[in-house]
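Both complexes below contain chain A, partnered by chain B and then by chain C.
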Partner chain A sequence: MFSHAEGKIELLTGNEIVVRAALAAGANAFFGYPITPTTEILQGWAQEAKDNKGLIYLQTEDEPAAGFGLLGAALGGKKAWTTTAGAGHLLMQDAVVVAEAMRIPFVAYIGQRGGPSTGTVIYSQQELSIARDGGNGEGFRMVLGPSNLQELYELMIKSFDIAWRYRLPVFVLGDGYLSKMTGEVELKKSATTCPAKPIVQNGKKVVNLRNCYSLEDEIATVIKEELKDFGKIAKEIEMSEALNCSDAEVVVFAWGTVGSAAREAVRKLRKEGKKVGLFRPITLKPFGATRAKQAVRKAHSILIAESAFGKFGRLVTESLFGLEGLKVERLYKPAEGILSEEIEDRLRGMLDGA
Partner chain B sequence: MITRILIGGEGGQGVQAIAKVLIHAAHASGKHVAHLPNFGVEQRGGVSLAFVQIGDEEISYPKFREADVAVLLSHRSVERSKMHIGTNTKIIFDNSIIGQKELLGFRTEKIAIPASHLAKEKLIPRVFNMIVLGALTEEIGGIKEKELKKATLNYFNDKIKKKHELKHFNLAALEMGEKTIKGLRK
Partner chain C sequence: MEPRMPKCYKKESKPSSFCPGCGHSLTLKNLGFVMDEMKIADSTVFATDIGCSLLAWDFFDVDTVQAHHGRVTAMAAGLKRALPKSVVLAYMGDGGGYAIGLHHLIGAARRNDPITVILVNNTLYAMTGGQMAPTTFKGENTSSSPEGAFADEEPLLGPEFLRPVCHKEAFLARTSVDNPFELKKYLKEAIETQKKGNFSFVEVLSYCPVNWKTDARGTMDFMDHLKEIYKIGVIE
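Moving on, here comes the complex of A and B:
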């Protein structure tokens, strides 16, 4: 068993941190199917469950089974979660849309790897679109994008609170770098998150949850109500980092670990007096369009940096639509890491070119 | 200041072990640290790279363009590390594995440590990586000897429990690496 010491700095891998965060958040059931780069999460939880009979661990036959196992446990009142990556993430989506339809809490940590298909086991930011909208519905889910290990710990804990408080699927969208890297993290002894209770049957009360409708106007009414509710929740959840944007002439847009590389580049250039800023959405769903617009008030150009070909870029340009005269440059490196030096070089070029 | 270290070798040589012991020793010595293994699908037989950063300020992005120190331990790792070696990169290499000729393309300071040879002749072959670690920590400085020993024994704890003499061999290897570097300076 791990001992949780308040405020203690420990050296851990991202995957280890994910397990610690789930425990701190009061998670007590895990269903999963191993896939690199998140397999150590299953191993870590299995190890915990061996020593603690209060924890459920089940390695299922595939990702859909893991997703539906999670839903069953959540309906029964367990704080259940899972982890997957790449093709497994895609397979898991079927269970996630059921969670959306029936408003069942669902938490998954995703360690993005290179695609398409088996691709690489290493790293990418290519799973943003399926995390945000990967189903045959309206994408009623939240997506959180941690940029470093401390944020990974905190957002993982938060994901359990959001999922159970609002009864929604929540993805913490990490990547292979974040999963496999080792660094410092300050762990909490415990965290207060919304408690789990049985959803379909609690005492004598039985609840019937639907995901099947006979009439189109019937489902349309439900979707409209959900949209309204989702909009309200989104306002409460939305998070972003705007660094040095108030007077920035060039603003970098980046998320996840690329956000960390961009932050380093911006800090370095600021020390030289260059007017650059960073806008980094922490919630990729909901995406803070209003804050994004505010971040570029003084900017003549933006740079979009992502380890995919425009999945994030399209979100950014859509959210900034209508701003005239703003030049957009792109640093797209699908399935490949982006160094802070590369972002710095591009920013220098953009400042000189203005 | 942040010291950026790239360690390259073959899978199975203990490249990631060097990195892991190093960051734990540095962390215990009061430094900020980060380590990213470069991993492929293969469990062994591939080139293994470790990106390590040690510094006085927080480190959040795990990769870097140019290493301050590059540790090269196999032929293939030279090619794979090339893009991270600049004119200010100090190269530490095992000259019982890599020939001087292989490094002619790099116009930068090079330190030769015959770690593999020393391990085979004076200790046991498997502690070769700890000779490298002893040399590396002596070269970068700032890491407490006590913490380095502690981190080493901690990392190999399970193995040492089964085979007690490994404690001696690992500690002796660290010392041998450190002495070799010091000897080169004289």
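Moving on, here comes the complex of A and C:
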């Protein structure tokens, strides 16, 4: 450990980084239920709360209780958050749709693990669809996908800012690899995020919040307003990485941990003068369709790489719909890691085949 | 002369959305009087569940929020941790509390969360059309009972069930909507218990003439029968 101009660099696991980021963002309430691969986050917060009585901590009876406890604390003005994975992520959606309906800030770190059902406890990218659209409504939530430990730290901090600035649920969608790997991360001395204010007991006026409506047109009006608002917010927070795309003949589309492998493959091939690029959405919701289209302006082919069977791929092809003559190849490995060499080999084949 | 109503009533939302003869209106009216008397309307968060209780989302000029079925206890646990100086009321029915949300009740009771749970027991799922609940008594006719007609299981006695896992200073009681004096007394005692830092729980035996398919006389008789099954009083 040594001092750094911006902050300090420490060697930490992903799960430790998540706790540090939450503290840096001013989080002061955590409700959770143990599940691999995110349990160390709950334990880490428990340790912090033991020494700091200003931090609320509750290990609940299940994930819905964690989610609803979080909602209660957020209504009371606490920067509350949780973490879960896999089947727990599924149960957590119960509370997330209430956050959408009553516009309650909600932050959750998800450590994706293999599915269906309890699958493996290790790794996957299969929870993208339920993070994006896992509810019974229109999916008024934001989803951020970090590709490495530094980005995990930064996006966790950002998630609290987005949640409180816009009163929305925000998922930071990590995975088992990211949670369990150890690496260097530069921690900030301080982070400025949108402050939390009580929604109920706000000292101003009485608040009656509801999640149930009697009439079709009554709820339709509310949804239309929300959609308009959501579109505006989406423009403000949309983020993506476009690496070497301006002249790329082949562009690889990847996100999260696979995005890191793809970046390595692209850098290596560029050194050989191969015209390849990477498009990596950092916000999976909103998905930057316009930027994705720009990234393939010079491309004849794209490669979609993900540790799931087309959950990300469908988003990509939908966003590129209408581009004629673009060849699409897929490297889908559900619940299995993808090495940069595999991506590199596929890209080489696509360049040669052109 | 205007009828006497609680000061914390939200007048714009009256008449309320509850069915004629429903016990919720009576329970809430008396809760309103208690909030007035204790001068806590400004410092209370009233949280409702799913089922008929959700119709109370704008019943009071009191901060009100909603949860999903059975989850209001978990939400109340979070509210109280964030707002320790406020009075937190979790309002639900017997289906929400004793079926889908029973483990949340057990969790809050075991932790001695200083919240007040008010559970309105009409022995069935009323909002969805009178299905069997954990409170349906043996022989009661519901729309979803085994064999299509009568329940054949013993009903769950909620406060008695919770008592062994509660702190000794926790307050648990059962009362009924046809005894407003006792209802108010217990609600007051429950809120006092919360203020002293302990869990409190009041089950209210309540009317549902629509699903009981009873007239006025039949509703009273049904309630008398309920009191034979469900013991009224403080549960020690």
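The rule is short, and it goes like this: the second predicted complex is superposed on the first by the 347 of 354 C-alpha atoms of A that agree within 3 Å, B and C clash if a C-alpha of one lies under 4 Å from a C-alpha of the other, contacts with A are read in each partner's own complex, and residues count from 1 in each chain.
Assume contacts are C-beta pairs under 8 Å (C-beta built on N, C-alpha and C of every residue); 3 or more make two chains touch, one makes a residue touch a chain.
Computed from a predicted model, the values in this text were never measured in an experiment.
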- For the overlay on chain A, clash or fit between chain B and chain C? fit
- According to the contact criterion defined above, which of chain B and chain C contacts more residues of chain A? C
- Task: Answer with first, second, both or neither: which of chain B and chain C does A:Glu61 touch in the superposed model?
- Result: second
- Message: Let me test your reading of the model: by the given contact rule, A:Ile122 touches which partner, first (chain B), second (chain C), both or neither?
- Response: first
- Task: Based on the superposed arrangement, let me know which partner A:Thr257 touches: chain B (first), chain C (second), both, or neither?
- Result: first
- Task: Give one of first, second, both or neither to describe whether A:Ile41 is in contact with chain B, with chain C, with both, or with none.
- Result: neither
- Query: First (chain B), second (chain C), both or neither: which does A:Leu347 touch?
  - Reply: neither
- Lowest C-alpha to C-alpha distance for chain C against chain B (Å): 27
- Taking the two structures together, which residues of chain A meet both chain B and chain C? none
- Query: What part of chain C is in contact with chain A in the complex they form?
  - Reply: 10, 17, 43, 45, 47, 50, 54, 57-58, 61-68, 71-72, 74-83, 86, 103-104, 106-107
- Item | chain A contact footprint on chain B (complex, rising order) | 20, 23-24, 27, 32-41, 58-66
- Item | Parts of chain A lying in touch with chain B, wherever the complex brings them together | 11, 36-37, 120-122, 147-149, 176-177, 180-184, 257, 260-261, 263-264, 337, 339-342
- Message: Looking at the complex, which residues from chain A come into contact with chain C?
- Response: 29, 31, 56, 58, 60-62, 64-78, 80, 94-95, 98, 102, 198, 200-201, 206-212, 214
